[in-house]
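The following blocks contain the structures, represented as structure tokens.
Each of the two complexes below includes subunit A, the first together with subunit B, the second together with subunit C.
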Partner chain A sequence: MKKKKKNRTHLFFIAPGFILYTVFMMIPLAFAFYYSFFDWSGIGPMKFIGLGNFTKLFTSPRVSATFFSALGNNFKYLACVMLIITPIQIFFAYILYIKVRFHKYIRFMLFLPYVISTSIVGFFAIVLFDPNVGALNEIIGNLFGKAHKLAWLGDPNLVFKIFVGVIIWQCIGSGMMIFYANMQEIPEEIVEASVIDGCGEWKRFWRVVLPMLTSSLKTNITLSVIYAMTMFDLPYVLVGPQGGATGKLDFINMVFYRFAFGGTYFGETSIGFGSAISVVMFVIIFILTLVTKKLLKKLDY
Partner chain B sequence: MMRQKRARKIEGSGAKAVKNVISAVLVLYTLIAIYLIGSTVLNSFKTKSELINNTMGWPRSFTLENFRQVIVEDHFLGYLGNSVILVVASVIVLCIVASMLGYALAHYQFKGKALLENYFLLGLMFPIQLGILPLFVMLSRLHLTNTLPGLVLIYAANLSFSTVLFTNFFRGLPGSVLESARIDGANDFQVYIRIVTPISKPVISTVALISFIQIWNDFFMPLVFLTKTRVKTLTLAVYSYSANFLANWNKIFAAITIALIPIVIIYFLFSEQIVDGLTGGAVKG
Partner chain C sequence: MKKKVLSLMLAGAMTAALLAGCGGGDDAKDPAKDQQETPKEDEKPEDGAQKDDTQGDQEGQDSQAGGEIGGSLVIWEHTDQFTEPLKAVVAGFNEKYPDVEVEIEVKTSDQYYNLLQTAMQAGETPDVFWTNGLATTHYKSYVEGGYMMDLTDKVDFSLYEGTTAMNIVTMEDGSIYSTPTAETGGRCVYYNKDIFEELGLKIPASFDEFEAILAKIAETDYTPIAFCATDPWTVLFQFEPVLNGMSVDWVQDYEKNGTVKVNDERVVAAYNKMLEWADKGYYGNGYLGVDGSGALLAFSKGEAVMCIDGTWNVAVIDENNPDLNYGAFQVPTATGDQPMVGTNSCGYGVSADTENPDAALAFVNYFATVEAQTIWVNALSSIPCTPAVVSENPVANEIASFDYLTESYYNILGYLANPDADETATSVWEADQCKVFAGALGVQEFVDSLQSLLVE
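Moving on to the complex of A and B:
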């Protein structure tokens, strides 16, 4: 297809995307690193302070306590992904794969919440879990009396569980369908061989299907790591920008948001300090992605 | 055909009862979504006084008063308009740019191509949230904060995933189609416009659908970049109701219904394509 004369037409096709992507995606990412070395509120002169922002983030008692407690929540959520959400997704995918009754309807409905905006999902959670007008408390009140009503989202011991429950409801479909698509690609011969060998469904799942899921596992974990480390919308909608009164739903991206854009509400705005938080998120995502890749490579052979 | 055959074999060997129980439990589970969506739509037609003592039941009388208040008094059509403009403009720019990129990456050989491909993949690993502060500084200097075009640029620049979908699609096209066009004397641009674009309709619609959903539902970017009322999107407007829901108890159901219905209709019409687009492209990565 290549012509003899020097052909540069491909540049015409590449240029618009390249410029747009570089200017509004890659340069901002790079500049987050640059800004993180400065004390700068966004207006006025920039003052170079080296690693000062990072020192403040990790050691200043007031800030670092908030930051590490939020970071702990990010990892707590990531642990929930690995131990609860991903296994459920694989299980549901297998249920669809073996075509239980109504599997088409189930697949359609399980994925549906994923296309609904988080601000609406957050409202649904309020409809169910609000202490005053929520449906659950209304049911409890009618069945067992008012004394048994729960504070739900206002209860520091319950709020994280509700949050994970809402995410399971909203997001289970996406990972499930990635696993499901992967299961469809498992070669016919292997499945048939296991049938002939008299392998039961349960055994087949562990011996045949699960080991074939490495590629979708890699995709799902990478996506989950990014999602977990940039968690923002749902906790913000559920309990507000502070992560709730007890900070049980505070995440690093929300700490970032408060320092970067919440100046009017929280008294402190700093482009430099905010960028330092971005850089930390960047580094964590990078390391976790590398670790995932390494671990799953081992599984592959 | 093959899949059905396989399924039947598995069916024969398994414990049917267990499977039926699981199926029944999952069907029950799907009732949550039906209840939430259904009751929201029903509640949007109830009067304020009926909502207080009949939040869970069928409305006794249908009223459009909530919708009138939301649309006329709270300018909801303006938010709806903002969302529509934002989504349509972003999707158009994104489709044009990503399709050209995908075409070039799939059908031309040039120096540094592998490097360029990896460069465009970086966006899958590092979400734009991480660069949002520099982006904010940049858009402020260009006077593009609190404008829809500013956000369109950001959404269109987030083109990694769409480019992968386009590149994979174009790689699968037979080269002969394009060759024959060239023999007819058409140049590269004509081939792209007249032949490539029409046959890439399926991938264009996939990219358009999934970007539509993502942009329509996006919360973070509008929260940061669109703080003035005149540019607010539906998701932000919905949030401002639910953040203060006791004061807006009757209006909120109408507001949610307006925001929810378009996306649910689109999902009903194109669910297969949406699911394939969101998950199919990911497995290959």
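Moving on to the complex of A and C:
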């Protein structure tokens, strides 16, 4: 009997993406794993040191303290995303959904900062919060005198709050639009039925709208977890590659950057150790994404 | 069959679209990128080829040697700060070598070494490039990797005789792979002359007088010293003069014996003095939130009366505020000496694989002349390390009136490095320096960690 010939047309369509993904993502990833076992500055001879880079990362008091402090900041930021930023996004999405007055204007104003690049947003923040030449201190100095000026980004108690504030200003629009789009898809009959049953605005939000947002919540939370664990650009612009004098805005990506690429004038580069950090980061993000996925499954209606 | 052909065509079209998307940048020419791109091999003019009118006709027959050397030369520089001085030197070079087309590429920001190493690995090392010499490990690794041309007998370094300039480029075996510059990278106290006059202050003659001045300024609306504790280098450039002012004998111990404890009580006292000044408000209240350029800006704007920083910043201050009436002095010792912490400055090396070695060597040879270094030092408004080069900048000349040069604390960390240690003291210093001022690390703990990475 003649074997039925399999139709492999789909392979042709998969091939381009697969090849490019392999070349530009998988191969570099494999090389990062490979380099993590070497003592290598990025040039010259490579010295195989086995798990030496990983041992240093977890046991060297100075390095591990820096790494775990930075990792703590990543989780701190993630907590802010879950407890502050996401609820604000849902709130504003609901405001738009129930079509409050000037809702179109509000939507435009909230989404506008999202189209500005992070470097520019960081620059705006510096113009505002710079202790020497910033607008806020200029105003405070003129109104209350020099003694009342604040250190802002240099104040260990303020810097993280300013950072989260800037993120809220910049990123609220993106999540809000995802939630808003999801709300638009809620069948009108369900909403109408809840109104007929005497549901108030507050109850309708909690009992009808919020439970219908599971798909966008899952998307948003997964993206937020990845974004939080790969944070780099804004803190770099705000306080530099060291995460500021206090290290309050130091994130694991910045630790990786410092070790892998060093500084301009005197810094030493260590691609091997940087690769080890990137491998650990990969594992952390991978596990977190899996856990998030598993937890979010419980939200399924 | 038809279906299969159609599928293949669609898949091919998709791939082409993807690749076209990836490579779109080639077609859409970015003028800035064009400016930086290395000319392709077939675009390079032949030796002695006609240059543009302005350069070719001007000096074409000036030098016999210049007439024989042509072609193109790509030079990589690491900071915008050196762009104008380099352009000025290249202009002087082109007067002698009109047939050499020089292209300067400024790979600024903290990606310089990363980009340079990528270029080296790709076999596209620029013909001539900056490194920081022995101040970093990069120079040594490039030499050991065979990426740099040995210039020992190919360049005339006689300009630097009798100075310490060659220290930064001379390998342990005496070979030289880069030119230094005639600039001494020192530290000094910049002061606002108008505010000094307004407050009736004079240049201090001793460390106690210096502190008294700080206290007097703190009583006014001015900030005594512009300072930033977010950048380890800016901290260093203040710490070293303060250490000199309080205990110049510490560095003299090193110069005499070739070794010293970097966690010595004198070092701790200097750090504590700076922390005391911070507590007293001498740095204002924003020093943990600004970067080095912000601190310099505060001085340039007249908000701070003084700023202790690198001598290479004269040009930056002039640019920030051309009308600022300022001068410079050294932090004095208890006995009134005015020592200056000075470091040598590195210039340019040549790629071992350059396709135009004649032009590259002609350039580095020109760079090592009095003429080129006078251009360089004056364009940077910096301090010359040899009397053969004369600065025209009045502030630079004020700085140059120091009593004697001393070694840098940072350099000592490098000189005494223990090769068997897991980390280098310099990288630990860079990572932890700012934490001391942020209160996250004690002074003693910090200097002890540095000492533990040095040879006993």
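Heads up, the rule we're going with is that the second predicted complex is superposed on the first by the 275 of 301 C-alpha atoms of A that agree within 3 Å, B and C clash if a C-alpha of one lies under 4 Å from a C-alpha of the other, contacts with A are read in each partner's own complex, and residues count from 1 in each chain.
We take it that a residue touches a chain if its C-beta (ideal position, glycine included) is under 8 Å from a C-beta of that chain, and two chains touch if they have at least 3 such contacts.
A quick note: this is a predicted structure, and the numbers were derived from the prediction, not measured.
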Open item on the list: For A:Met109 in the superposed arrangement: first (subunit B), second (subunit C), both or neither?
Closed with: first
TODO: Using the superposition on chain A described above, determine whether A:Ile88 touches subunit B (first), subunit C (second), both, or neither.
DONE: neither
Open item on the list: Quick one: is A:Leu51 in contact with subunit B, with subunit C, with both, or with neither? Answer first, second, both or neither.
Closed with: neither
TODO: Could you look at A:Ile287 and tell me whether it touches subunit B, subunit C, both or neither (first, second, both, neither)?
DONE: neither
- [ ] Could you tell me if A:Asp233 is touching subunit B, subunit C, both of them or neither one (first, second, both, neither)?
- [x] first
Open item on the list: Tell me the contact category for A:Ser60 with respect to subunit B and subunit C: first, second, both or neither.
Closed with: second
Task: Dominant contact partner of subunit A by residue count, subunit C or subunit B - done: B
Open item on the list: Quick one: is A:Pro16 in contact with subunit B, with subunit C, with both, or with neither? Answer first, second, both or neither.
Closed with: both
- [ ] May I ask you to decide whether A:Ala79 touches subunit B, subunit C, both, or neither, giving the answer as first, second, both or neither?
- [x] neither
TODO: State whether A:Asn182 touches subunit B only (first), subunit C only (second), both chains, or neither.
DONE: first
Task: subunit A positions touched by subunit B in one structure and by subunit C in the second - done: 9, 12-13, 16-17, 20, 42, 130, 132-133, 240, 261
Task: Parts of subunit A lying in touch with subunit C, wherever the complex brings them together - done: 9, 12-13, 15-17, 20, 41-44, 56, 60, 62-63, 66, 129-133, 137, 146, 149-156, 159, 239-242, 244-247, 258, 261-269
Open item on the list: Can you tell me which positions in subunit B touch subunit A when the two form their complex?
Closed with: 2-3, 6-7, 9-11, 13-15, 19-20, 22-23, 26-27, 29-30, 32-34, 36, 39-40, 55-56, 96-98, 100-101, 103-105, 107-110, 116, 119-120, 122-123, 125-138, 140, 153-154, 156-160, 163, 175, 178-179, 187-189, 192, 213, 216-217, 219-220, 223-224, 234-236, 238-239, 241-243, 245-246, 249, 252, 256, 259-260, 263-264, 266-267, 271, 274-276, 278-280, 282-283, 285
TODO: Provide the residue numbers of subunit A that touch subunit B in the complex, in ascending order.
DONE: 1-2, 7, 9-10, 12-14, 16-18, 20-21, 23-32, 34-35, 42, 92, 95, 98-103, 105-120, 122-124, 126-128, 130, 132-133, 135, 138, 169, 173-174, 177-178, 180-182, 184-185, 188, 191-192, 195, 198, 200-201, 204, 215-216, 219, 222-223, 226, 230, 232-233, 236-237, 240, 253, 257, 260-261, 271, 274-275, 278, 281-282, 285-286, 289
Open item on the list: For a test of understanding, state which residues of subunit C touch subunit A in their complex under the given definition.
Closed with: 3-4, 7-8, 10-11, 14-15, 18, 22, 78-79, 109-114, 117, 120-121, 132, 135-138, 141-142, 144-145, 147, 221, 226, 229-233, 284-291, 294-295, 297-298, 301, 303, 410, 422-424, 426-428, 430-432, 434-435, 437-440, 449
